[in-house]
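Structure record follows, encoded as structure tokens.
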Amino acid sequence: MHLDHSHDGPSAVSADARRPDGSRRALRIGLGGPVGSGKTATVAALCRALRDELSLAVVTNDIYTREDAEFLLREAVLPPERITAVETGACPHTAIRDDISANLEAVEDLEDEVGPLDLILVESGGDNLTATFSKGLVDAQIFVIDVAGGDDIPRKGGPGVTTADLLVVNKTDLAPYVGSDLERMAADAKAQRAELPVVFQSLRNEAGVGDVAAWVRGQFAAWSA
Amino acid sequence: MSRAALLVLADGRFPAGGHAHSGGAEAAVKAGRVTGAASLEDFCRGRLHTAGLVAAALAAAAVLGVAPGELDAAADARTPSPALRVAARRLGRQLMRAARATWPSDELDAVARQFPKGAHQPVVLGLAARAAGLEPVDAAYCAAYESVSGPASATVRLLSLDPFDATGVLARLAPEVDLVVDRAVEAARRVADDGVDALPASSAPLLEVGAETHAAWAVRLFAS
Amino acid sequence: MSVSGVRATARIVARSDGRGGTSLPVLEGEGPLALRRTRASGGEARVMLVGAMSGPLGGDHFTVEADVEEGTRLRVGSAAATIALPGQAKGEARYDVWLRVADGAELQWLPEQLISAGGSDLRVATHVEVGAGGRLVLREEQVLGRVGEEPGRLTSRLTVRVGGRVVLDQELACGPGALGGWDGPAVLGGHRAVGQLVVVRPEFGSRPVPARVLGEGAVVAPLAGPAVLVSAVAGDALRLRRVLDEALALMA
């Protein structure tokens, strides 16, 4: 793997794999998806599942409050110094895709102030189906949709559903109540995504975030190899 | 060097963090001082001749090679509100990142090392223009225009203002932007002989009050 | 016929009297700028600026200088508001204030308001140099127009250095002929009284005053250095004074 493009400057400019001191930076995974699909709950569950084995931090991108960051703080999934909120000026997709500078500062500050870190989860503000993370910001991205948002979302596609490294269909426990057809969602997702993985999860079931956590472990193993 | 580099630097899509800041418009809207196109124009005019003039002169002086540390201290002295100093440094750091990626230069690297948490944005803007081979007047135009385009586009989002009205405001202010740029460049040229005290220091009390009011809110759309 | 304005200078030097008190070896006024020593309090000397005539008028140039030497305390006030008026002489009037506060000295500079009367054109510049361990309370208040009157043109610059470093440099320009927007929602928002209170104390270096907003039009802003600026706008002089007094009390 040849990721350490040499860079003499005082700090990395974009997604350079090495920090200025030559050490490997943390793996960055983005979590995007529509409002209310369960991104923050998934981040919280991932923190609980992984915090004993990996050095973790979280960056949230709220639309107009610090609510997501405050939810994570309240739930005490990580010590407060490991959670940072980025303000997005009413355009959450801009902050993760078109102008990633504030998020890059946030991840670098976390590594400077609490590091060394293995993994930083970057959660986007709830947005629409076209919002994806820039490759300059994250190494891999998870797109979270839920069954209550309509079982036609996988069929409709869009950059998040089609290109995310992992698609999570959340709240499967609600499917019978909202009339969503999980098999149809799985087939549509397969058609849109070919070999890219899809996880169906309910954070209320025993398995919880287990499959997503396993996928993250796989990503980290590849990153640190 | 191509003058078209100015278009790259002045482009609202230049990835330097400006989209998350309202230039005081969010506080002014909440306080009921900006309610539509007419009051937006008054707001922008006031900002242009105060914060805009100061920023334009700092940027022009940076292009002329005035020591960034001196300019940064001059910017601090001209920015009483701590919330505005924090915002200016945060934006300066973001702009520094974008500028170094766009126009790599040893000088930018050195200033990034000198100010790891960011220098004031107008100073970095001038250094970016310098790295792009632009002139003092170009940097001054960039800074002066940003001082009004930021609040205008934020107000489109905050008040659902007709975007054509907001653009009209910017067009009507154009002659005054020219005037501010002339004054800014003239002042910047005096710095070599008279020091940074020659830079304008125009202040806007309500921008300062609004910035601190805004910084204390728990719920807001923009970072400043 | 050309009429030239009045040039006048007033000088104050505060020096230690060697017994823990403050003497005033220099206390000179001239023309419209008269100085009176008033009763001292503890080790502090007190001086009142007495306007022997109204002014400054167009073309006038007034200068006030105060030197507060090491280990002394000086308090300067004024007997009444200063009114800038239009004059027969051409050009703007100027009012320059030079204040030097030595290390270990303290100055309270608390003049009454400056009123910018209709048709006047005044440029005020206040330069303050405070030694590293010096203390300062400085108040400036500008009232734009007498009651029911449009203001004149007023430009007021205030520069404060502490330990050789500029901690505050700001200028306010308003009235007819000032560049646009001064009365608008970014600058004064229609308010007719505007004021600044600068407090310099060495202990602010280690224990900065937190920023806070007072009411709708005033802010307590810790500067980049051991100093605080209270910046305020208000509907009239009385309300302005009230908010500046409130801010000063907060720092007591």
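As written, the chains take the letters A, B and C, and residue 1 is the first residue of each chain.
Everything that follows uses one rule, which is that a contact is a pair of C-beta atoms (placed from the backbone, for glycine too) under 8 Å apart; a residue touches a chain by one contact, two chains touch by 3 or more.
Computed from a prediction, not measured in an experiment: that's the story for all the values here.
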**Request:** Please list the single chain whose C-alpha centre lies closest to the global protein C-alpha centre.
**Result:** B
**Farthest chain relative to chain A (centres taken as mean CA coordinates)** = C
**Prompt:** Any idea how many Å lie between the Cα centroids of chain B and chain C?
**Reply:** 29
**Request:** Determine the centre-to-centre distance between chain A and chain C, using the mean Cα coordinates as centres, and give it in whole Å.
**Result:** 55
**Prompt:** Roughly how many whole angstrom separate the Cα centroids of chain A and chain B?
**Reply:** 33
**Asked** Once bound in the complex, which stretches of chain B touch chain A?
**Response** 13, 15-22, 90, 93-95, 97-98, 100-101, 109, 112-113, 116, 154, 157, 218-223
**Message:** Quick check on the complex: what are the chain C residues that touch chain B?
**Reply:** 157, 159, 165-173, 179-182, 184-189, 194, 211-213, 216-219, 221-224, 229, 231-233
**Request:** Give every residue of chain B touching chain C within the complex, in rising order.
**Result:** 24, 28, 31, 33-34, 39, 42-50, 73-74, 76-78, 80-83, 85, 176, 179, 196-197, 200-209, 212-213, 215-216
**Complete:** chain B partner, complex, touching residues on chain A are 8-11, 13-14, 63-66, 86-91, 94-95, 98-102, 104-105
